[in-house]
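As structure tokens, the structure follows; a few thoughts come after it.
A, B, C and D label the chains in the order they appear, each numbered from 1.
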Amino acid sequence: MAEVPAAVSGGWAPVAAVLLGALAVAAALLDGALAGRAAGVRSGMGRPVGEVARLLRQRRRTTVAADRLLWRIGGAGLLGMALMIITVVPLGRWTLFDLDVGVVWVNALDVLAWAFVWLTGWGANSAYALVGGYRFLAHGLAYELPLMFALVAPAVAASSLRVGEVAAAQQGLWFVVWMPVAFVVYCLGVVAIAVWGPFSPALGRDVAGGVTAELSGVDRLLFLAGRYALLAAGAAFAVPMFLGGGAGPLLPAWAWVLVKATVLLAGLVWLRRRAPALRPDVFMEVGWLVLLPAVLLQDLLVAVVVIGG
Amino acid sequence: MTVRTVLLVAAALISVGLYGALSQQVVVMVMMGLELMLNGLILAVAGLWWFCAPDPSGQVLLLVILAAMTVEMAMGFAVATSLHRVRRSDLTDTAADLSG
Amino acid sequence: MGVSGALARLALRHAHLLVIEVPGYWLTRVAVERLAGVRGWRLAVSPADADILVVCGSPGPELALVVASLWEQLPGPRARIDVTTPDLVAAGLDQAAAMLRDTPGQRRDSTARDGRGFDDAAGGDIALAHGSADRDGLEMDVLHVRLGPVLPEWPAGLVLRAHLHGDLIAEAQAGVIDAGHGPAGGAHVAGGDPSDEVRPAVAGEVAARRCDNAARLLALAGWPDAAGGARAIRDRLLTGERSAATAELARLRRRVRRSWLLRWSLRRVGPLPPDELARLGLAPDLTGDVWDRLNGMLGRAAVAVGGPAGVVDGGPAGVVDGGPAGVAVGGPVDVVVGGPVTSPAAVASVVSGWDVATARLIVASLDITALDVVTDG
Amino acid sequence: MVTHLAFWGLAVIAVLAGVAVFVVNSMARASYSLALSFIAVGLQVLLLQQLYVGVLVILMMVMEMAIMAVYMNMFMGMNPAMMSMNMVHGARHALPVSVGVFLLLAAGALFAPWPSRRGSPPADVTAALGVELMGPKMLAMAVVGVVMAATIVSGIVLAAHRTRYDRFGDDLRRRRPADPQPGGVRR
């Protein structure tokens, strides 16, 4: 089973998009159910469905002197980003895009979140939305560097930047077992890119929804769908990087990839209910003084093990 | 796509960047001009490497250019900030006396 | 029509409300939040997010202007209802649902608005302004932003005119909207109020008010579940389920105290030493930082519920549903009980120098019951 | 064929976005035009088979432009309303000079006798680059690393206002720093 996945034709791209969509919908349903349970409402599961219906029925609006081009690009960009990320995630024996620098590719894409979220905040020409955009960049300055070094650890251990080879290198032991710090930091990064849970001050209630303050109708739907899709794509990418790819008993490799991605995704969704927001003003020091040194030590450890072993 | 066309595009990028660097007043805009010139340079080096001498050491030059860009950017922002703090201005003209 | 009808039905089950509270009508607002929650509806964070605009109370002239401009910003399909007493809330929400279900009517509304071009957004007030040095000595452009009177988790009627550097509040002036405009605008201080004789309500209401304020602070700290818990306790207190509320309150206090993440995030934010409190005319029990004040708030709620004032058990069942008798028509129904009056100037003074997020936490931590109508301009 | 079409499409995008940087009326649009130009060049570098460098260009430049846009906004207080933004000085000289430079460079590009390819590209370009960096060119990368570290330090020294004496007192004995707003790590 140590085979390296092979690229399939681009015609399978819609299938990958559908799978990502299914994961995102599952995340939304679970989030709705958890939120409903917390609020003591029975209709929790139906929340995402109702939300989609509501937003489809709602009119798009615009604001005075909005930069509509940049606003729309930002709003739709997150969804596009998520789709581009999963092109390099192998599903068992198949991958869409067998790039030999797949890890860096994902890293380059996750940086696009800086552009898209900020542009969504900027384009509306609203003070609250702009403050939300600033908050996201402030978070970005704190999480991005640790995230990059977290991705370095599996790449070093597998001696490859090709996602399929990283997955294949974990036949004996999943990377999550001996690089837990990198895994945790990576998960924090995914949560941050999706502006999710503890990293949602950019969409905070205190600034009237922040980046999303002026979004309505289809625009809001695209932005929210983009967040769920990013969370799903991040969870899916963690599978080849840390969770052993398709390795597992009984089930075929592709099924294991989906199972692992779903479980991690459920964990990330659940996190939102447990943790209060990490405001950028307090998280900045944590990112630079705790996460960054921790993940660098992790990289050092991995490098020493690889050279020694 | 030949070495000539790649270099032509690079030349266009470099000239546009040069125009910006020469004509703009605001420090940050001048920096954008410089960045655009370096952008053209990246393309030129990448093209020359691929079409003329594709041995591994050539790519190192590209990484050095990228490093130079980040250094330029970081120092540019730092100088712009400290200039702003002292002079309350972000225009290159008001810093003309710094040219000695 | 089949599709759009089904869409409308689905959408209606998950409508979002923007609730505007006229000072003095908090019981009505609480009733709206409670009954909307029962229907599975949720609170909107901004007009763009809302389907239903709920005005609790009768707004004065200034607030009426704000409400009108917010109404224009609702994307539509939209509905507006005005409720002035808690017992009218259920009917009002039914009416809003009917309005939203009326697809042809919404379509007419939509075409009527199309001619008028862009929605008039609050964001339009970003303007190029002079610069000034920020707290780090760096000259920055100043953005003049009016925080309030309608913001999620914001004290009713408070308006904070802030000068922002980025998202840092350089200085602020505070006032109360419609100050001096009859009973709707002014705060009602306990004591001389005719409703004072409704004694049984007091203990529960004081505790409910604390829980409401704590819920706001928890929501701003980004912990919606705990905030929802605090709101549930508030509703139980107001509907008279005292014993259940007391148990849940104790559980919430433990949960909050044990959350090291919350403690880490709120510690050292907005410290107010006793002498500062005295200077600003704030209550002496607000000493410490936001974390201390959050725990103090929950502690005061527990005291009010189990303390000597809470002699009547299960008595005030009628507060929300029936409404206590003896309310003058047109005047505010709600009785502001307990708690001192906070001066807006003090609010403005404690938020200066903090960024918007921490400033919002600090304002919420002041446990404001009523605002003094005297403004400082 | 597809490669050629992609190359020319990207070339047009890169140059037009580059021109747009100095033409558009908004700082956000200027910064993100430049980002677009960088992305187009990064994709062209991918076409030239240098995958690692190409992806790296996109990664770094998008990040830089996001920060750049904030700087622009911070120093110049723009809003998206597209106010006219004429910040040109000495355009008189700039235009002829840059046109002249373009003609010179273009002539060189088109008419110089470029040598034919010497050697052949390595099978795995990225791995070859890695081996090169960790082997013969290690010195170059080591120097780059030191320069980067020096840049971080000097950048902060230049830009920061408060020093550790402001934070920890003149004798550096204060246990908790006197910051206007507390950070997340208690030191």
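Here is the rule we go by: contacts are C-beta pairs under 8 Å (C-beta built on N, C-alpha and C of every residue); 3 or more make two chains touch, one makes a residue touch a chain.
The model shown is predicted, which means the values in this text are computed figures rather than measured ones.
Asker: If you tally the C-beta contacts, which comes out ahead, A-C or C-D?
Answerer: Answer by contact count: A-C.
Asker: Of the chains shown, whose Cα mean is nearest the mean of all protein Cα atoms?
Answerer: Chain A is the most central one.
Asker: Just curious, how far off is chain B from chain A if you go by their C-alpha centres, in Å?
Answerer: The computed centroid separation for chain A versus chain B comes out at 32 Å.
Asker: Nearest whole angstrom, what separates the Cα centre of chain B from the Cα centre of chain C?
Answerer: Chain centroid spacing, chain B to chain C, equals 51 Å.
Asker: Go ahead and note the Å separation of the Cα centroids belonging to chain C and chain D.
Answerer: Taking the average C-alpha coordinate of chain C and of chain D, the gap between them is 46 Å.
Asker: Which residue numbers or ranges of chain C touch two or more of the other chains?
Answerer: Residue numbers touching two or more other chains: 126, 131, 137-138, 143, 166, 264, 355, 358.
Asker: Could you list the positions in chain D whose residues touch two or more of the other chains?
Answerer: Residues 52, 56, 67, 75-76, 79, 81, 161, 181-182, 184 of chain D each touch two or more of the other chains.
Asker: Can you list the chain B residues in contact with two or more other chains?
Answerer: 81, 84-85
Asker: With touch defined as at the start, can you tell me which chain C residues reach chain D in the complex?
Answerer: Against chain D, chain C makes touches at 126-129, 131, 135-138, 140-141, 143, 166, 264, 267-269, 353-355, 358.
Asker: Spell out the part of chain B that touches chain D in their complex, as residue ranges.
Answerer: Within the complex, chain B contacts chain D at residues 1, 3-20, 22-26, 28-29, 31-33, 35-36, 39-40, 42-43, 46-47, 49-57, 59-60, 62-64, 66-67, 69-71, 73-75, 77-82, 84-85, 90, 92-93.
Asker: Of all residues in chain C, which touch chain A in the complex?
Answerer: Counting only chain C, the residues touching chain A are 4, 6-8, 10-11, 13-16, 37-38, 40, 45-46, 48-49, 51, 73, 75-77, 110, 118-126, 143, 145, 151-153, 164, 166-167, 218-226, 228-229, 232, 259, 261-262, 264-265, 355-358, 360-361.
Asker: Help me check something: in the complex, which residues belonging to chain D touch chain C?
Answerer: Contacts found on chain D: 74-79, 81, 83, 161-162, 180-182, 184.
Asker: In their shared complex, at which residues does chain A touch chain D?
Answerer: 65-67, 69-70, 99-101, 104-105, 107-108, 111-112, 114-115, 118-119, 122-125, 134, 137, 140, 144, 161, 278, 281-286, 289-290
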